[in-house]
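First chain written, first letter: the chains are A, B and C, and each begins at residue 1.
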Amino acid sequence: MLAYSIRRFWQSLLVLIIVTMCAFLLVRLAPGNPARLILPDEATEEQVRLMEIKLGLDKPLPVQYWNYIMDLLRGDLGTSIVYKQPASRIIFARVPNTVLLALSTIFVGCMLAIPLGVIAGTHRGSPVDLFSMLFALLGQSMSTMWLGVLLIWVFAVRLRMLPAMGTGGWEYLVLPVLSMAYPMSATTTRIARSGMVDTLSEDYVVALYAKGVSRMEMYSKYALRNAMIPVSTMLGLNLGIFLAGSVVTETIFGWAGMGQLMNQSVLTRDYPMVQSLLLISAIMFTVINLIVDIINSFIDPRLSIN
Amino acid sequence: MDTKTTISRMLHSYFFVIGLICLIFIIISCYILPYWIPWEPLENSLLDKSLPPEFFRNGLSGHILGTDTLGRDVLIRLLIGGQYSFRLAFISVVLQAILGTVLGMLSGYFGGQVDSIIMRACDAIMAMPSLVLAIAIMAIFGPSTQNLIFVLTVSGWVQLCKIIRNNVRVVKQQEFVLASGILGASGFHIMFKQIFPNVTTNIIIITSQRMGFVILMEASLSFLNLGIPVPAPSWGNMIAAGRQYLVTQPWLIMAPGIALMLAVLAFNFLGDGIRDVLDTKRKV
Amino acid sequence: MSMAAATDATERSEQSEWETLLREEALLRVIGLRVEYRTERAVSKALNGVDLVIHKGESLGLVGETGAGKTTTALSILNLLAQDIAFLKEGYIEFDGKDVYKMSISELRAMRGGKISMIFQNPLTALNPVFTVGEQIALVLRIHKGMRNNEAMKRAGELLEMVGIPAYRIKEYPFQFSGGMRQRVGIAAGLACNPQLLIADEPTTALDVTIQAQILELMRELQKEYAASLLMITHNLGIISELCQRVAVMYAGRIIEYGLAEDVFASPKHPYTVGLLGALPALEGPWQPLAAIPGVIADAQNLPDGCAFHPRCDNCKPECRTEQPLMAHLGNRHFVACFQNGED
């Protein structure tokens, strides 16, 4: 399992190197001169050329990429055009909010999805199963965007129970968490259900019953562990996506996280910021997936071979 | 599986039947209803602004779902927005299917260097959350229909590619493929005549399940004003615009929100139905 | 007329000898078991009146082709038929004087794995891949002997040693073991609680021939040591002759011949048994062509009337097509369900 973890680590590193290339090329391929974007509109040709030299844009592309990587390794993500500050400082100030939102969402989503999915899977054809099916189908069709706006209308506009927008205590967290957790828990419910159904049709389940294992033990321990492997992969993917910043949710609810920053940077054409956010997202996403894969290899040691 | 079994399974799958009926209804409405509605999606009239839905009180000539703050008819915008959405999603899904299939087959069939290059590309794309990647690309290259199709496609082919690749690797090892290789069949023949028919089921299943996802993603981009450029209507930018008037004119978000939900629900039903119908592992 | 009445009378008396056998004091008694599988489209009659007895310490071989209902019989003994598709239509199963289908849940659990344990056909799928083999043996001890975890794991190690696997491997996962080793683990778990009856469902079918021999040898030793009764389910007649005192031959969900293994092998009476034995190559004596049984096994979804074997039988009589033959006694507790009663 250690060998597997190390192998997965190198794989992830390779992926991240490719991602840095993508992020680098994305901005270099963009129409328009990056130097001109930084300078005020009335800048002269001379000023633009000086800026190009300052940014290293006069050098060949591989040299520019090398410099970019060296800067990254020093923790320099470039300078925000709008804030005139290092992008890293602005981004990391947003990280706690995004992490809070992401973890709360995953927690609420699991609380809904896992019990529902497991009960539906162990009681196929029961009312719970039917309910879980409808719950999941509706949730998969509800976009976070539409659900978010709908929740604001119901709870903030009509019922006046919760604030519509802003960053702050738990009352600000409820609606964004719900609007993200429901679509996520819909998929998770389905995966937990089908994981349970698939596991319960395995030969070893009959073999375990033949050893005197009770239904409760089967559902809560012996089959649960097998059924949870696809669920934990799914949760890892979702956590990665949420940690990268939920652009739509954070924009709708004015939650001061990385997603909202992304949207603002896009609107203000702050390309160094967009590039850095893409990179940070990819790093978060890759690291989380690496951790999940390693955890899964402990749950199911077969995953560590092949 | 012969045609008769396929059709009988289709008719026995609730998902398939409900999804298909809803979808036909939605698509026909989007493409045919506009001929009977006397409004244009971009036609604004300050006299008629912010009218609440009057439903069928004035028949088809009234503002059935009300008007927005510029006095544009919500229903016609909804229908035309639906047309845009479906067309974009369809083009993108077809491109994804082609790209995923071709690269997956090359990767699985040739293995070695080809395989590792394609797989690393897949890994890199998968390492970037698809919406964030799409936003970054749209932000830098600017909103246009071509760019929108590009970003909807760029991360969508990876899943299919990986599945097809694994599928091909398994099929390639089976006796009938090895045998035709021994009998001197060309690589091209083996790939398209022997292997391809064995992966088509997966292509159809995976592709049919992507429509709903792509529509949702397009709506999210349009919501952030990075999708279909305004003033052209789309469900996403209609929700974004309606959000400002949530207190006084909630119908502005209800109509596109419900339309989006129903359309995606119908595509998801159909996708699940197709999977049920084609799944060879399903017990009879 | 009187001839027919006389035949009826003899048949009844012959049947009653079979019934006497079934009524004897026995560890396990299966009477007139009928089980159906119902799926979306079809009903398949898996068991059509199976009678079986196993006495204390006895080893019985249950032979038949794939699809004859052997595994269904085994699972019904443990009341483990898949509840959504399998239906017990008739008959009952009595273990140690108690009706298995009237037991409470706790009695059932105590029986499963404690008094009766089962070894499964495919060792590759019969162990849960995400638990260590030690855990899967220890759980039996925890359930039935109330052992604490440490104690159970220690005992699991001893059981592994007993089946020829070093005890330190209790912490390993099933995928780290070969098929034969996994079957040894299955046997160790099966014997953990000194069961009164061990059901082995084709325990060697999925294994290589050399490994088969080792596993059979192990089972023979252990059965002797533990003095458990054995129900050996197999389609391999060689295994029966090595391991079992008695043999029951099954065809289309019924027992069609029963007797001491040496009697049945020396003079098989049912044409199906004859065919089964004829399908084995003889190693001694003059060369003879292998005899295959013509036709295919009866379709459980569409059973023929009368004797289920009649479409494949060379000596089919008119009554074979319409009536089910009963078990006729041929002496020395050798029974056969055939209208020819063994006379050619």
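We adopt the following convention: contacts are C-beta pairs under 8 Å (C-beta built on N, C-alpha and C of every residue); 3 or more make two chains touch, one makes a residue touch a chain.
Here the structure is a predicted model, which means the values were calculated and not measured.
Trainee: When the contacting C-beta pairs are counted for A-B and for A-C, which pair yields the higher total?
Mentor: Top pair by contacting C-beta pairs is A-B.
Trainee: Find the chain most remote from subunit B, comparing centres computed as mean CA coordinates.
Mentor: Most remote chain from subunit B, centroid-wise, comes out as C.
Trainee: Indicate the whole-number Å distance between the mean C-alpha point of subunit A and the mean C-alpha point of subunit C.
Mentor: 54
Trainee: Could you put a whole-Å number on the gap between the CA centroids of subunit A and subunit B?
Mentor: 22
Trainee: Enumerate the contact residues on subunit C facing subunit A in the complex.
Mentor: 75, 78, 80, 84, 105, 109-114, 117-118, 120, 122, 125-131, 139-140, 143-144, 173, 175, 186, 189
Trainee: Per the contact definition, I'd like the list of subunit A residues that touch subunit B in the complex.
Mentor: Going by the criterion above, the answer is residues 11, 14-16, 18-19, 22, 26-27, 29-31, 137-138, 140-146, 149-150, 152-153, 157, 240-241, 244-245, 247-248, 251-252, 262-263, 265-267, 269, 271, 274-275, 277-278, 281-282, 285-286, 289.
Trainee: Report the residues of subunit A in contact with subunit C in the complex, numbered from low to high.
Mentor: Interface residues on subunit A, with respect to subunit C: 124, 202-204, 206-214, 222, 225-226, 229, 299-302, 305.
Trainee: Which of the residues in subunit B end up touching subunit A in this complex?
Mentor: 120-121, 123-124, 127-129, 131-133, 135-142, 212, 216, 219-220, 223-226, 236, 239, 242-243, 246-247, 250, 253, 256-257, 260-262, 264-265, 268-269
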